[in-house]
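Pasting the structures here.
Look for chain A in each of the two complexes below; its partner is chain B in the first and chain C in the second.
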Partner chain A sequence: MTTLLDVRDLTVHFDTAGGRALAVDGVSFRIDPGETVGLVGESGCGKTVTALSILRLLDGEAVTSGASVIEFEGINLRNLEGEDLRAVRGAKIAMIFQEPSASLNPVLTVGLQITETLHAHRDIDRHAARTRAIDLLDLVGIPEPDERFRAYPHQLSGGMQQRVMIAIALSCEPKLLIADEPTTALDVTIQAQILSLLHDLKTELGMAMMLITHDLGVVAGMADRVAVMYGGQIVEEAPTRQLFASPQHPYTRALLDAIPRLDRVTDRLPAIPGSVPPATAWPSGCRFHPRCSKRLERCATDAPDAFTAGPDRYARCWLAAPDQAAAP
Partner chain B sequence: MTRDLITRTLHSRRAKVAFFVVSTLALGALLAPVITPHDPIAQLDLVGLKLAAPSWQHWFGTDDLSRDLLSRIVYGARISLAVAALSVALSITCGTLVGLAAGLAGGAVDALLMRLVDALLAVPRLILLVVILAFWPQISLPLLVLVLGVTSWFDTSRLVRAEVLLVRERPFYAAAVSAGTSTGRLVRNHVLPNVAGPIIVAATLGIGQIILVEAGLSFLGIGIARPTPSWGRMIADSQEIMVSAWWTAAFPGLAIVVTVVAFSVLGDALRDALDPKAS
Partner chain C sequence: MSDPLVRAAGINKDFRTGGDMFRRARIVNALCGVDLNIRRGETVALVGESGSGKSTLGRILLRLIDPSSGTVYFDGIDVFSLKREPLRRLRRRMQIVFQDSYGSLNPRMRIGNAVGEPMEIHRMASGDALRKRVGQLFEEVGLDPSYLNRYPHELSGGQRQRVGIARALAVSPDFVVLDEPVSALDVSVQAQVLNLLAELRDQRALTYLFIAHDLAVVRHLATRVVVLYRGRVMETAPVAPLYESPAHPYTTALLDAIPVPDPTVARERLALTEGTIDDYGTAGGCVFASRCRHPSKDDRCRIEQPTLVELGEERTAACHYADVSTKE
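So, the complex of A and B:
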């Protein structure tokens, strides 16, 4: 099976008044056709910047390093411009965003926003576009799609709005769907509905999905593999089951411990001390060491490599180093 | 959406009155040949009706050439409103195009266009107009519209640029870009509808301003050529006689004030109605 998306050494920085912010630093990962990969981490760890750089949606202030490669179906998206880039956006790689209410244009009907994407990529007439849009609304579980076609976004609930976003994203049958926190702005019950909808549609249409979230519970049920980000780097990547069963990186472990569980009685939920440092001043050595409960002396000075810990699995931590037994 | 906007705009009594005044003016200007009691240019009776005070025959009196003032003011509304509407249409078009170009292109194009606008804004408008119009011995309506239009889009371009930048920051714009929407569709479907509100407000307020400028130019003698009735020119012509015949200056002046105030009230009401924070 050939790789669908292959991101290698993605590095993005912003020059801010407070100095250079290294938002994404040497991120590499791949997504195979039909696969779901979860990208997990706290706010400010670089998840969204990573997602936006794939479709080249970052604004002018973001600088992507020349060595970064974003290969989709064998083509480096970083070399595409103008029409070629537009032909990928929405048609081959589609994206849905965190806030459905803000991601829909308030002055246009839902129908127009779906047909707009269809017209952008397919040579179809108005009538065919309308029929297809109504089919899509039906597909994403919106009742009375004929009526909703003429509705304005503010006439729909948050869950319905996100379904519309999904309908737009799926309109041209993309190979890859990037979902950036698709359920964060929604109620818990609606979250579950949207996630199961995404899961069903993904299976039905055979597309791959990159699921970005801060919620490990979301990836547990959805993802085949998970990459955990911290401080602009992927600190651990593993097949989902293995990640949950035996996390290698103390950060992953700490994230898992911070999930409330019914089978474990505690007075206090363990939290990770401190907060993510600003991207303008990552700590030396391992970026997680100031907050790490298992830090070694070398962690403050030497940045750990990504140590392989099995097939499809690595951790950026000295504890995972093969010579750990022999280490000082 | 549109009906809702109209309801909210005309919510206050001020706005209703302003809307009534503006509609009456527009209707009056349109129907001028039908509703005016006299020919605005005809000298009715140079001996008997010279500077006649307001009466049932001549509601607003007559001027020193025995022309009926009411008829002249109604015909003057034609000129004022036509000049204002056409110049504003031209200036809004220019301003929107420049603002869109600056806001969408960004970078050097943006900087260049905005510095140009800064430079143009630094020149007082009346002086700029006087200098430009001084090149023509006779000023026709198309010329006046053209000159007023191309000298009043500077503010609008800044406004549109700022609105474009705001729209570009909104998530739905990124969402549309991420879906591969073409630049033309982005402008037509996402940028323009969302900047239309401020543009409409600017246009409404602009009409009042242009009427004042046109009256000012006519007063200075560089407006539309005589004998076409124009409010500013009527006031200018009455300078020497207004002490003895107050009506020759008062009624054209009143017409200007009422029109400008009505448009400005209507513009304010539109702005309030379009302000999402207000509702």
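So, the complex of A and C:
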């Protein structure tokens, strides 16, 4: 199978009043057609900047290093401009965001916002666009799609608004859907519905998906592979089942432990101490070392490489280094 | 058993929506005959989806809004009978922490002042004594005292929520309403804040009402759970039995919606809980009937509204087919 998206050595920085913020630092990953890849980490780890750079949606302040490659269907998106770029955005790669109410235009009906996308990318007449939009609303599980076609965003609940966003994203049958925290603003019950919808649609349409979240619980039932980000780098990548069965990076382990679970009652929840440092001042050595419970002496000074930790998986941690295998 | 610290009796709250010169307004029963007792030292979790009325109830308990009928007793005092000055004195004893720590802090006030302000208002301290108290509060909630002169936007979400907690605790309240205090935070930071809330409760002998939409989050902190749906109490139970054998099908649905951080079981769990809290069409019957998946659901559920019945061991449920032993 040919790779759909191949990101190599993506590096993005911002020059801020507080110094240079290295938001994304040498990130490489691939997504195959039809595959779901989870991108997981806390706020401030570079997940969203990674996603936005794929679609070239970052503003002028962001500087992407010259060596970065974002290859989609064999074409480096970084070389595209104008019409060529627009032909990819929204049509071949679509994106949905955390706040559907902030993404939808409050003064336009949802029908118009779907047909707008269709007209932008396809040679389609008004009547056909309307029919297609109503089909899409039906597809994403909105009851009475004929009625809802004329509704304004504020007349819909948060879950319904996110369904509209998904309908817009799917309108041109993208090959890749980037979902950036699509359920974080929703109730757990509605989250379950939206995740279930995304899972079904992906299977039905054969679309690939990049699912960005801070909650490993969300990717467990969705992703084929998971990449964990910390400090602007991917610190561990593995097939989902392997990642959950045997996390190699202490950060992955800590994220897993922090999820409140029903089947495990503890006196204290295992929290990760401290918080993500600012991107202007990543710690020396391993960027996670100040918060890591398993840190070794060398972690403070030597940055670990991405060590292979089995087939299709690696971890950026000295504990996964070959010479560590023999150590206790 | 001692008298409850907070007792709400027969709370109804109607909101008028829409309507103008020519169209009749719709009356929404946000709360319908809700009774609630919170004993000293207890943490009662109030759980339900957006629109269930849980925040409205929390605000009525503190007399931030008035009920349409019913009243609230705080330590035996009818809160809604109080005049200005006695009410002001009572307010010191009951505080609230909001979900949106950014929206609830004055963006132009340094956080040290924000934490000290309630003590000034209640004339509890001034000058050096006030500054010392603020420093102690910072320490107590795990904020670096060097942050005293910072503004809210300079803090992370978790740090801002700590400021919100310090501000609520500044006047040494007996009772604190926690309105979705961790919903906007990363999983890793949620655990930190939940642990902090548990520590503070134990050290200061606090009584909490913990409002949340996610049953996984409250398990760690709550002693008793009240499940609310469309303004009505569906189930009340001590924390352990509720999770082991939920009596109401809505509680079961809320539990099933929680993502399971295990890729081997997650997928089959996703599809549960269809519909939303806005689904009407059950005039006279059980408010949950349209979404209910209980195998015994029948015509009775659509016609006859179930009342809250005792199930023993401090448990009640409003379901014709409530059965503590339904869940295997």
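As a working rule, the second predicted complex is superposed on the first by the 323 of 328 C-alpha atoms of A that agree within 3 Å, B and C clash if a C-alpha of one lies under 4 Å from a C-alpha of the other, contacts with A are read in each partner's own complex, and residues count from 1 in each chain.
The rule is short, and it goes like this: contacts are C-beta pairs under 8 Å (C-beta built on N, C-alpha and C of every residue); 3 or more make two chains touch, one makes a residue touch a chain.
Being a predicted model, the structure only gives us computed values, none of them experimental.
Novice: Kindly classify A:P304 by the partners it touches after superposition: chain B alone (first), chain C alone (second), both, or neither?
Specialist: Neither partner.
Novice: On the A-aligned overlay, A:G111 touches which partner chain: chain B = first, chain C = second, or both, or neither?
Specialist: A:G111 sits against neither chain B nor chain C.
Novice: Taking the superposition as given, does A:G231 touch the first partner, chain B, the second, chain C, both, or neither?
Specialist: Neither partner.
Novice: Between chain C and chain B, which one touches more residues of chain A when both complexes sit on the common chain A?
Specialist: Touching more residues of chain A than the other partner does is C.
Novice: Look at A:F244 in the shared chain and tell me whether it touches chain B only, chain C only, both, or neither; answer first, second, both or neither.
Specialist: In the superposed model, A:F244 contacts chain C only, not chain B.
Novice: By the touch definition above, which chain A residues appear in both interfaces, chain B in one complex and chain C in the other?
Specialist: No residue sits in both footprints.
Novice: What residues on chain A touch chain B, complex-wise?
Specialist: Those in contact with chain B are residues 55, 57, 60, 86-91, 94-95, 97, 99, 102-108, 112-113, 116-117, 119-121, 152, 165, 168-169.
Novice: Quick one: in the complex, what on chain A touches chain C?
Specialist: Its residues touching chain C are 42-44, 157-160, 187-193, 195-196, 199, 214-218, 220-222, 240-241, 244, 254-256, 258-262, 265-266, 268-273, 275-276.
Novice: Across the complex, what residues on chain C touch chain A?
Specialist: Contacts found on chain C: 49-51, 156-159, 186-192, 194-195, 198, 213-217, 219-220, 243, 253-264, 266-267, 269-274, 276, 278.
Novice: Which of the residues in chain B end up touching chain A in this complex?
Specialist: Listed in rising order, the residues of chain B that touch chain A are 1, 106-107, 170-172, 174-182, 185, 189-190, 193-194.
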